[in-house]
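Written below as structure tokens is the structure these notes are about.
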Amino acid sequence: MKTAVIRKAHFNAAHRLHNDDWSAEKNKDVFGKCNNPNYHGHNYDLEVKVVGEVNPDTGYVMDMKILKQFIKSEVTEIYDHKNLNLDVPDFKTTIPTAENIARAIYERLRVHITAPLELKIKLYETSRNFVEYPA
Amino acid sequence: MKTAVIRKAHFNAAHRLHNDDWSAEKNKDVFGKCNNPNYHGHNYDLEVKVVGEVNPDTGYVMDMKILKQFIKSEVTEIYDHKNLNLDVPDFKTTIPTAENIARAIYERLRVHITAPLELKIKLYETSRNFVEYPA
Amino acid sequence: MKTAVIRKAHFNAAHRLHNDDWSAEKNKDVFGKCNNPNYHGHNYDLEVKVVGEVNPDTGYVMDMKILKQFIKSEVTEIYDHKNLNLDVPDFKTTIPTAENIARAIYERLRVHITAPLELKIKLYETSRNFVEYPA
Amino acid sequence: MKTAVIRKAHFNAAHRLHNDDWSAEKNKDVFGKCNNPNYHGHNYDLEVKVVGEVNPDTGYVMDMKILKQFIKSEVTEIYDHKNLNLDVPDFKTTIPTAENIARAIYERLRVHITAPLELKIKLYETSRNFVEYPA
Amino acid sequence: MKTAVIRKAHFNAAHRLHNDDWSAEKNKDVFGKCNNPNYHGHNYDLEVKVVGEVNPDTGYVMDMKILKQFIKSEVTEIYDHKNLNLDVPDFKTTIPTAENIARAIYERLRVHITAPLELKIKLYETSRNFVEYPA
Amino acid sequence: MKTAVIRKAHFNAAHRLHNDDWSAEKNKDVFGKCNNPNYHGHNYDLEVKVVGEVNPDTGYVMDMKILKQFIKSEVTEIYDHKNLNLDVPDFKTTIPTAENIARAIYERLRVHITAPLELKIKLYETSRNFVEYPA
């Protein structure tokens, strides 16, 4: 049976939900106050889960110090204290919903954390709304 | 790969664990202090998870504003500040354990959140005891 | 300068807010859904703070094992899994609002934790509503 | 002895720390990544504390339903899902640090919650940084 | 569909990560500050999940009072306020990483909680690092 | 009126409560399982509060980046992943109870955070036991 290790991190960012292919009215209708043209923001809490076999020499699935470093260089240094729409290339043509942010983080980390390790992302946009990818 | 979105809610309610087919002694023996005939109560914390594909136009699995409204009309308006045994029809013949409350909430929401979307309920009875349905 | 030590505990109870001197209409108007005649309930989280000098021999303001025992015998054994209105003598003629529950707990513990020690009670009725006595 | 009642609320907002009287270099030096011209954001958690005497007829220091309504009309409807610098008049000439946001909320609520009631604001900018006003 | 019930517990312990087959240099290199020869420690938070069918007579997957007792006798009485390396036989030849502690707890409880019930362990070493077994 | 700013930090450490002037029996009697000669440990959560006037140019009581640096150099680099009794000079002749650890942290930080600023320390030894200095 495999074991999972999970590491938490966090970043603060501004964003706006807006589909460039839609009218202002439709954007307002679908996204409501999340469509504010001046942006709003969140403290995002991130959990990165890695699933694999425990190495009997270390007792580790993966060295958490290395996982922590990947999260820092690939996610928090790029997303933290940023405007996701304006400052982060991942969202030039993708709407920065929690669902899409989680997938973008997955793809960034999947470059480093490869099979047979499994990777899962949980992202809290607020303490009441959060997402998981893959489900 | 699918994505999950989770929305939290809460309600406060009184309840009592009691099997009408058993003697008072057996009820006391099985349910202990949860069998108090004058009821006790909890702050129930609820997490509703919906799993599906992300709509590329909205970046949403499901509009959380709609999910929030379903939770309000189907769960919190019916369960909040109520006596589950006396005031809620779901528990006229079903013992309101956390397991059974979670299943009742699932069935109420499943009417609105249908396949191919998947639905999962997590219900905290206290910060130390909680349940998931389906597991 | 003095030091404070704080110990947490919790209990689950049913209650109803109702003033026997008022009409049903006035009770409903003032207390709203908290007036439900069939009761509702909460997971109460309690913090007991004791302020005093640190004993140089023990490094303690007060032995937390003793404080824990006082909380158990004076509060949780009497309030937990109970109907505060029906089962607890403290609320025979006092409305079990969070404010009044906090004061009742203070008075119960003040018998054992006496001057020059100071005593303060914080009581969470929900994660969004809580009280402190004395303020 | 007086009793305190505390009500929690929350809002999500974008902001930027910037002193218009300073050069870009000095702003960057003092405020660091909080000076990002494209803004960043937070989930602000707010605790409003009201201190007073308990009314013996209600068992309340203040009806929490009324306090909840004041917080909604004076704070969350004005701050939530907004850019504090651009959308909220309180910060036209005041830098929206946590300290200044807490004082602005105090002044908004103090109009409604007057002496002899005391009012205190606690504002979490992140789970690691928060402020209290008055201290 | 099956239902899961989860019970939380906690214990405090000292530990040290060290592989007896390695040199002091390699241990320091791999385990870093977790290799401190004088030990460090944690508040471990434990979640035990049991998955099965709900008994229609009780509304329970498993009586949580019995699960609580198993956790007490098999885990917390043996691990709490102990040095995992020196005081607990499970780690005489196994490095007490979070991964290995979770598996040891699983094996201790699996003796009592047998198929067709499923058993899962989640163990928080800190609020930022945690593991699940089986994943 | 003054404003308070609070910064959280954390460290993990082993410790043992033992008074060298007492017999083994008296130590065991007073400190119970906290007297384990092989040590146990905790995840300590620390809150450092600084009270003062808000600087109108910055909107800050104190730059949190500077406060964060003081906490790192004076507390977490010295206490984290250590055995408080063996590795930290503050507890060579002082019993490392939560009360005494809080005072030691206060004295370390008071060198840098001086009057007219006020300084207060809150230290969580577990999620159920914590202390404040000065009270």
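Each chain gets a letter, A, B, C, D, E and F, in the order it is written, and its residues are counted from 1.
The definition used in the following text is that contacts are C-beta pairs under 8 Å (C-beta built on N, C-alpha and C of every residue); 3 or more make two chains touch, one makes a residue touch a chain.
All values reported here derive from a predicted model rather than from experimental measurement.
Chain pair A-B has a twin interface among B-C, A-E or A-D; that twin, with over half of the contact pairs alike by residue number, is A-E.
Centroid to centroid, with C-alpha atoms defining each point, subunit D and subunit E lie 41 Å apart.
Rounded to a whole number, the gap between the C-alpha centres of subunit C and subunit D is 28 angstrom.
Multi-chain contact residues of subunit B (touching two or more other chains) are listed as 127. Taken as a contact graph, with one node per protein chain and an edge wherever two chains touch, the assembly fits none of the named shapes, being neither a line, a ring, a star nor a complete graph.
Each chain pair that touches appears in this list: A-B, A-D, A-E, B-C, B-E, C-D, C-F, D-F, E-F. Subunit E contributes residues 1-9, 49, 51, 54, 57-61, 63-65, 118 to its touches with subunit B in the complex. Chain contact summary for the complex, subunit A toward subunit B: residues 17, 19, 21, 30, 32, 94-100, 102-103, 127-135. In the complex of the two chains, the subunit C residues touching subunit B come out as 10, 12-15, 33-34, 36, 38-43, 80-83, 86-87, 126-127.
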